[in-house]
Structure formats: C-alpha cells, structure tokens
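In the part that follows, the structures are each spelled out as structure tokens.
Two complexes come next, and they have one chain in common, chain A, joined by chain B in the first and chain C in the second.
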Partner chain A sequence: MSKIYLKAMEDVVQRNTDNTNRITEQAQGFVVSENAGDSLLHTSFDLTTAQSIVKHLHASFLKLAQSCVRDLDTDDKLCFLRVKTRKHEFLVSPEEAFTVTVVL
Partner chain B sequence: MASNTVQMTFDRLVQLPGVTGAILIDGNGVPVRTNLPANVARIYADRMRPLVILARSMVQDLENGDELSYVRLRTRRQETMVATENEHTIILIQDNRVLDESWRSSVASRRASAL
Partner chain C sequence: MSAEIEDLLKRYQNYPNVSGIIILDPFAIPIKTTMEYTLTVHYAALISTLTYKAAKMITNLDASNELVTIRLRTKVHEVIVLPSENYIIIVVQNPGT
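Moving on, here comes the complex of A and B:
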C-alpha cells in the first residue's frame, strides 16, 4: 500500500477520533478494512480478532450477501448488514472503499 | 409439517409493521408457507440458503460455540431478515420507510416516557 494512501487513512482516523471513542464506549469494538485487498486498516481489537473478522465477515460473508442482493434485484444494493448471534451482534457497513464493522 | 411453535412465530412475524413478504422454509430448503407467489418464494429460498449456511459456519469460525440467530440485509429498497431456528428458516421482507417510521416512533415514545 502506498504511503500516500496510508497517510490519507491516518488523517481520517485522526479526524474521527471522537466518533470512534464514542463507538468504543458502547460496543466491544470496531474493525475497518480496505475493500480492494481486504486488508486491515484500523481496529480497537487485538490483531488476531480483527483479522478473523476481516477474513470471515468482510472477505467472505459480506461478498456473498452482496451477490445475493444483486441476484434478487439487479438494481438494488446492499447498504447495511447485521448478523446477530447468541453472544454478539455484528453491524457491517460496506462503503465504497472501506468496510466498517462494529461488534456489540 | 413444521412444528406449531414455528408456525405461530411465522404468523406473528407476518403482522410486524412494513412486512411485504414472508417465507417459512423447512430443513430441505423448501418453502412450506408464504404470502408471496410460489415462484418468488422459491427464488428467495434458493438465494438465501447458501447465505444461511455460510453465516452458520462463519459464526463458528469467529467464536467456537456461538450460534447464529439472524441476519439482516438492508438494501436501498427493503430490509430482509433471515432468521434460523433449528431446521427452519424464516425470511421476512420489510419496507425500509415503514421500518424507519416505526423505529422513530418507538424512540420518540421512549423519550416521552423518560420525561
């Protein structure tokens, strides 16, 4: 990844520190990954947990959900995804270049 | 035949605000009850089946021993909830605007009662 790209990401993180702190107060944590290569960009979790979420949720399940929505209606588009389990809830927001998951 | 509990759950869910479609699917992926045309229900059942299968295994991979309750897919037009219970799956399709309105009114009433 280019240094310019990383610098831009750091700027975004810096500007949104208040938001991420507020999220972290009410949630277990969050993960931000970059869509092109499904690489971890920013997280409040430990590395193992964050990479597991990126691998299973962002790279695999989210892609399938997006293609399901396309299959059902070619004009529609997935805007938000929630996965509720017995123990946790994963809120996934797929944006143009990034994907953000908050874990409750 | 689906158990009575699942049938009753289905009947209750169909009456939620903004529900435009509901499908009850058995363990073999066959729609057994729906308020949609049969071919539409079949398409949804076929498309959501791999999603449920992957969701279940993903949840196990993320944390051993955890179990899937439901998946909600919010699109530009509608929100689709896919809930699993034992062998059965219920797909619920809800209109975004009605869903948002009912959420806003429930938030407003909670604020009013807090005052």
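Moving on, here comes the complex of A and C:
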C-alpha cells in the first residue's frame, strides 16, 4: 500500500516538472513532503537541508500553526504560511496529502 | 515606549481591511488592543507561543538567522505577527481576494 502510494506521488512529481522548474528560477529552492509520515518526496536542495526543513518546519512548526488557527476558530483552516527571516523567507502551502515549502 | 506604541496603533489602524490590532509585552500580556477582551487573550496566548516556537525553529535551521515576521493566511482572515525587542505586534486583517 505504501509503495503504491509513493509511486503515485512520484508520478505527480514527474507531471509537475515544468512547475517546479519555474519555481526554482525565482527562488532558492523548494521542498515537498508527504503529510502522513512527514517523509521527503521531492526537493531541489541537498538532502541534509531538505530533511532539516521537513523536520523543523513541516513536522513541528506547521502543525503548531495549524492547531493555533483551529483553536481560534474551529471552522477556520490554515491556507498559507509565510515565515520571513533576516536571510530568507519560507512560503509554506499545506495541502491535503502533501506540503510544499518554497524558500525565497 | 508608550508614545511609540500609540504611533504604531495609529499607523496600522488606518490601513483598509485591518480588523484588529493587539500589542503584547514580552510576557504575552496584552498592552493595547482594538479587539474584544476575551478574543484578545485568546490570540495573545496562542500567537505568542507560536512566535517563540518560530524563533526557535529558525535558530534550529540556521544558527545565525533570526525571525522577522510571520504571516498566517486562513480561510477567513490573515494574521500578521511582528515580533520586536520589547513587544509583539499582532495585526488581523481581511484581505479581499
């Protein structure tokens, strides 16, 4: 089951190569991770950097942000998250099955 | 400090679509607010925790980096958090899409 699922995700990544190429023209890079197990799906960074972003940003901080929004209003939902730092900016888009982070 | 906060409030309040402004001290106690009190305390508790976690997350990713601002876009509105040295500014706005 898990292998079939990951295979389907890889097919989606293949079909969106044009989009990801366009992203990397404007940004430093991107990271796509699966929501269920917080595993790395696709990235333009090296593996260490991508795993670090998935671990700290997707698995930990994004979940906290989503729970904050849910606590404030149970009908509300987090659609987009921007974290601006001194060096770069993280644009996080949480979707149903996966999460995309673009680093500007 | 108090005059500075008043200036901040006046500046941000005049923007269109801004529906609420809260200013917290570093201990997450609301100093100034334009929103209802219960909602203010709720925002203060949740957003201050989020801000501290964000600052720690940024440090974990890159030790020489630091947090500037956070924007949370939800279905209903957008929350902008500006942490600075002495206080945290929370602005809630309804961006027309």
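Assume the second predicted complex is superposed on the first by the 103 of 104 C-alpha atoms of A that agree within 3 Å, B and C clash if a C-alpha of one lies under 4 Å from a C-alpha of the other, contacts with A are read in each partner's own complex, and residues count from 1 in each chain.
Basically, a residue touches a chain if its C-beta (ideal position, glycine included) is under 8 Å from a C-beta of that chain, and two chains touch if they have at least 3 such contacts.
Here the structure is a predicted model, which means the values were calculated and not measured.
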item	value
Superposition on chain A - do chain B and chain C clash or fit	clash
Touching partner for A:Leu57 - first (chain B), second (chain C), both, neither	both
First, second, both or neither for A:Lys7, with chain B first and chain C second	neither
First (chain B), second (chain C), both or neither touched by A:Arg22	neither
Partner chain in contact with A:Val69 - chain B first, chain C second, else both or neither	both
Contact residues of chain A, present in both the chain B and the chain C interface	52-53, 56-57, 60-61, 64-65, 68-69, 71-73, 76-88
Parts of chain C lying in touch with chain A, wherever the complex brings them together	42-43, 46-47, 49-50, 53-54, 57-58, 60-62, 64-76
Complex interface listing, chain A residues touching chain B	52-53, 56-57, 60-61, 64-65, 68-69, 71-73, 76-88
Sites on chain B touched by chain A in the complex	43-44, 47-48, 50-51, 54-55, 58-59, 61-63, 66-78
In the complex with chain C, residue positions of chain A that touch it	52-53, 56-57, 60-61, 64-65, 68-69, 71-73, 75-88
